[in-house]
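Here subunit A shows up in two complexes: once beside subunit B, once beside subunit C.
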Partner chain A sequence: MMDMPGGNEDAAVDMKSIVQKRLEEMGAKFCREIEMGVFPAVTMKSRSTDNIFYSPKHRQYILGDRTVTRSSRNIAHLRPFTQMVWTAFFVHELLRQRKTSTLRDVYYSAQAYDIFFKDQSESDNIITDLETAIEHPRESFNVFPEERSAVFGDLTIQYTVPGYEDRRMNLSSHPDGVMIGPALTDARFIETSADKVIVIEKGAMFTRFVEERVYERFNAILIYTAGQAPRSTRYFIRRLNRELGLPVYIFSDADPWGMHIAMVIISGSANAAHLRQLTTPDAKWAGVWASDIIDYKLPSEKLNERDLKRLKELRVDPRYEDSHWQEQIDIFMKIKKKCELEAFSRYGLTHIVDKYLPERLKEIGA
Partner chain B sequence: MAILYGQITTNKPVTAISSTGNSRIVEYRLMIDIEKNRPIVLDRRIHANLRSRSRRWRGTVVEIHLRGSYPQAMPKVLEYLKQTAIVNPYANIMFVDPRGRLYKFDRTVDRMPPPPREINPHPHGVDVETIQRIIRSTAERDMLGFMRRHFHRVGEKTARDFLRRAGIPEDRDPKSLRPDEIVSLVEKMREYDGFLPPEADCLSPLGEDLLRAGVLKELEPEFVAVHQRRPSAYSGHPFIVEVAIAYGGKVPAKDDVLLYRFANKIPLVYDESGDVCWRIVRSINWRRYNVSPSMPFAVIIHVCSTKIPYKTLGKEILADQPEVSREIINGIREVARQLARYISRKERVKRQVRRLTVFSRYLPKIARFSAELAGREKPPDTNRLYQRRQVFSDFVTQNEYVDSEVFDSRLYNVVFVHIRNKHEENAAVVRVLGRVGSRWEVLIPESSLTSGSEIYETLRGRYEAVKVQAKSLRPNMESLIDAYVDGISE
Partner chain C sequence: MMDMPGGNEDAAVDMKSIVQKRLEEMGAKFCREIEMGVFPAVTMKSRSTDNIFYSPKHRQYILGDRTVTRSSRNIAHLRPFTQMVWTAFFVHELLRQRKTSTLRDVYYSAQAYDIFFKDQSESDNIITDLETAIEHPRESFNVFPEERSAVFGDLTIQYTVPGYEDRRMNLSSHPDGVMIGPALTDARFIETSADKVIVIEKGAMFTRFVEERVYERFNAILIYTAGQAPRSTRYFIRRLNRELGLPVYIFSDADPWGMHIAMVIISGSANAAHLRQLTTPDAKWAGVWASDIIDYKLPSEKLNERDLKRLKELRVDPRYEDSHWQEQIDIFMKIKKKCELEAFSRYGLTHIVDKYLPERLKEIGA
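So, the complex of A and B:
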């Protein structure tokens, strides 16, 4: 794992030049090996499940010490190895030309170079290999997913993407919010009056929060994750937390799935155990808690088999070790009920903003 | 049988003309007295074999007329001739059918198996009738002489011991034996275990080389394995089983195993399913040998004996004579094992070739993109890692060895050689040499490469250079060779 030099570890622009350099070094190493008659190989950490461990220190999943070597000497490795070298070349071109691409785009681009992927999942997998090998997330080499999420609030950013260099924008300038895409992920943060970040899982609630001027009333930057937060959004949240020192509060549905949306923002997923810059360990799950279903008398539904099974899994998940999480899981199991963020609408559309939000923020010390 | 059939359908005599290459040619015209089972000689002529000694005619001509439904019989007739050609690869067979079409089965070898030696019957194999016949004609005055003179593998010591054990005085006149004593003699002979087993030089098997030649010529397989079992005997009758298996090439794929049966070089074309050979072939678990019955392969079984254990009077199917069946099974197993080895080897070659194709496909790409990453203008030379060279390309073999291009193997730890004979018919002989200093050593010794077959070998050891040599297997029968040498650095 690489740690960024200096205090500003998430500085996007610096990181890109480091990634670019690592890719070039990899290419140079392969060239040297070929000339010496040695089959090029890369050694990277194994991503198999028996090498994924939870690290209480990092508060996320990390890879253990076991490594795998992918060698061009091995016929079974040769094709994925070639695909990875091409992918390295391709993203290096992206970085050099300051362009971005999507996972799907990468999959199609390969064909122009006579490199073939069976399907997109094969190319996605190779990109994950490359992330593991150079120990940086794909966002740092300009490959983004096509998922969309949004941000709204008083934050002035300055673009770094070609054609927009030095142009500034305030993220409260559009009422639908601003899409968190590559340009925003890599933008510099200039200034903000906000003192917190509120993350919301549901689109309808995000819109309500904007309409009810939560950003003003609570001095908050609002983020809409559209369900499970995409990696670029998780990265963006982390930057807000790290670079601007803003505390992060997450609101999701009161069920095991909503709970886990918050957890992935906080502690990451096992799938991304090879990466370190996607988590925000200090973020807090602010609701909706199982206890809220009782305390606020929220309309609820019964937990189904799948929900209960998932809860049992989460109960033993090391990320849920903390007593507050365990408590909430116990309550879920006891009441066997779940509810959505929208459930507050039973008491009027603004109830959630007028009553629940201030009470909760106060309760958790915000 | 054929003469009899001709006579009862057309009532015409048979004409036989023959000469052993001496000064006379004998011609007979005969009919059979069916009731007495005796020949009726209608005409007998002696012709002078006029030409000079070395150019005299020799051979036998038999001419019969018969009536039958040719359209119905045609497939069997042609099949019979084709199968006859399999077990007589040294014979030219020509057949003009009633429609005037000419069928030719040309010989591919000019050697014949050694002629069989005439022997006396083995005491285990005689019956009362035979003994009576011998007694009628013998000149021997006592039993000791009788036993020694008229039976196979009976010497003085054995004869004495047998007569003593049988309780027959040595000086007894054989002609004085009463019928019941003859029956008892036959029984005693069967029971006595001191007779040596019969020798097989009275048999005329084809031998492995001729059987292979016959199968190659008529079935044109991609692969053939032949095996001759050691001579054995049942009830005093010596026999030899010869088995071949032919795979691929022009061997047709049927739903079931293709079986060719022969008894003393005569094809057995009828009633296949009643034959013990059929039962044995069906009972074999072919999957153990990497083949399934639906693959294109044929099993050829030749039983050679002084008495073929026929099941019926029609002489078309073999009975289950345990001693013979055992030899047939073991013979099939042997050739099936060879086939299994051939098929697994062929699959290995295929895998290896694919393996190396993968190298040549991907390594240049790795070099190219690595160079682009490193900002280099030219990609590094992947030949140090892996190189494939075609050292023979559509090479037409000659009568003497010709060298291929020389492959410089100094950079590589492992070298593979792959040689293919692309010719449709002719076989080639190839070998592979490696150079140490100024000396060429043979790495793969002379091997014959039949039409369509391949050699794939990993060369061990350190050589500075490697080359292939090829020539035609038979003079002026050129074949077509492709050869590749691959070197890998690690």
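So, the complex of A and C:
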């Protein structure tokens, strides 16, 4: 067991007070402008596609230097500007009152203030503007996705949500796992005996890994993403990597969709190019690889047209430029097969844990 | 706080040993038949649609008296008979070794024994046969659905899974909720201060209910179904109702799909007509009703063609014969509107908990 250093750049709790301060500064700026007789305006990076670039240095998409200014002087800007000011006010209230919300909830809440959004995509877009302007993800101003992923392992955390202040809990207390929601996302990490994080796409394998005591045998914290990892789960994985210095290994189905689940955890998505807090560039895609279908003689299915089209897209995607990804895409294209994590059960239920997992971890130097 | 009586008919732990015994009896019967020079055979209730009836007494679909016999004497039966014998052997191994599995996993595991299923639907069907023959749901022989739902509230449980034997935990220990997976499904209920169960379809509202301390203010155990409740969650809700005697109130979106989420928890589905362990006939659909859209002036959307078609189906569905359901279907048809749980945020984030919830619970005599 080791005690974890606090006060890391990424630490979730400090993040909230930084964001709260940024929102207040934004509001104070608007007030000053009004007092000075100037039309309030906000300047932020442009999110148009011609300002989105892949950065090999950051290993994610980032925004270029072009900016846009939204001014209350411009009648065409007045509506989105007003919506953004209200949204900033609303999420500041969320932080102040220590309540959380969702994109859908924000859309409906606007009506309580006679602020009009024609549909949810309009309010979602304003929230993305706000993320861009204050350079923090919406989770840091308490707008969360629906929970659906879970964690299990020896990690003692300290909750910070109202009613749970300073309550310490260990994440191995419930064998089915604990949901990753607003409370866990913001919890402080206290101590762990784990030396790695294993991320699993499928519930069946997560349950298998818990039952076969992977957390003990491989000193791992287990994360279940339930398909594409929700943003708050990606943020949580990043925190485990950054704050605890734990390497992250991702296991997903051997097909373009499983591969991309791993990639989004590692390098994020183009539509989050304005954010840096959702990626874990050092995380590794640990399987199931296309080459595993051959090497482990796994039961497989034929790739369909949609799979092949997707593989062609990934081949030219800058996030996939690394030779290992390219090799695996080539193998997929050649064998035209895909397979699932569960396919290892062909050799018995525990084969994946007894044989495949230790071999793979050794192979990638874990 | 009250101590819970053990040894209820439904108690999950005893169930497993009953199922294990039934499987052994089935195997012993086959052995005796072989020794006596008789072709082994299994007789079970027919699941064909003309043998499925709605039972007002049980408030669920049930199978009629017609049976089918699958005999190893009949060459056309030999394949499904063999598959069923293997499946019975395999799930008995799961119980004996205290491991869990999924439908997908069983399909792949067959290959380890050179048992052939042409696709997963064939193996799924054999598992349903086995459920029918031994009259217990597959969860009781350790074949579980993927986890995705959660629970939160003051309920102390005692795990029975390996490594956790006799470990007592309270389900309010993690504010984001604990996943309902194999371990929790089979845990013993020790004590609770709750006097009701509130089931919620949407993650956003589950989080809201936790944040607004519904568990304390209304003495409730909260369940999050994540859409249509997985079978093991329906079984867990039934256990809370049966073993703890807690009334169950279900909140879902005001549309035919939300209504049916409530109905399936209450009365089950036609394709589980061979099982009695997945329903909670005394659970109540507590909202959001079609009439609430009018009474609470909720933001709504127009019902589309698919919604209207579904309502027409539900209107003649025997599970919906009760006058309250019929009234609500009539109102939906008349106003042609639907709305979501989140729509209450139109009056502020806490309105649903501060106003709607207490009014509704009072109205339905909770």
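Basically, the second predicted complex is superposed on the first by the 358 of 366 C-alpha atoms of A that agree within 3 Å, B and C clash if a C-alpha of one lies under 4 Å from a C-alpha of the other, contacts with A are read in each partner's own complex, and residues count from 1 in each chain.
Heads up, the rule we're going with is that contacts are C-beta pairs under 8 Å (C-beta built on N, C-alpha and C of every residue); 3 or more make two chains touch, one makes a residue touch a chain.
Values in this document were obtained by computation on a predicted structure and should not be read as measured data.
Engineer: Look at where subunit B and subunit C land on subunit A after superposing the complexes, then choose clash or fit.
Structural biologist: Partners fit side by side after overlay.
Engineer: Is subunit A touched at more residues by subunit B or by subunit C?
Structural biologist: C
Engineer: Looking at the overlay, does A:V143 come into contact with subunit B only (first), subunit C only (second), both, or neither?
Structural biologist: neither
Engineer: Quick check on the superposed pair: does A:A194 touch subunit B, subunit C, both, or neither? Answer first, second, both or neither.
Structural biologist: In the superposed model, A:A194 contacts neither subunit B nor subunit C.
Engineer: Applying the touch criterion given at the start, work out whether A:M36 contacts subunit B, subunit C, both or neither, answering first, second, both or neither.
Structural biologist: A:M36: touches subunit B, not subunit C.
Engineer: Answer with first, second, both or neither: which of subunit B and subunit C does A:L246 touch in the superposed model?
Structural biologist: The answer is neither, since A:L246 touches no partner chain.
Engineer: Can A:F81 be said to touch subunit B (first), subunit C (second), both, or neither?
Structural biologist: In the superposed model, A:F81 contacts subunit B only, not subunit C.
Engineer: With the two structures placed on a shared chain A, what shortest C-alpha distance in Å links subunit B and subunit C?
Structural biologist: 16
Engineer: Using the touch definition up top, name the residues of subunit A that touch subunit B in the complex.
Structural biologist: The touching residues are 23-24, 26-28, 30-32, 34-40, 72-73, 75, 78-79, 81-82, 85-86, 88-89, 92, 113-115.
Engineer: Where on subunit C is subunit A touching in the complex?
Structural biologist: 99-102, 104-105, 108-109, 111-112, 144, 146-148, 150, 159, 161-164, 169, 173-184, 202-204, 206-208, 211, 213, 224, 226, 299, 340, 342-350
Engineer: Residue numbers of subunit B touching subunit A in their complex, please.
Structural biologist: 355, 358-359, 362-363, 365-367, 369-376, 379-382, 384-385, 411, 489-490
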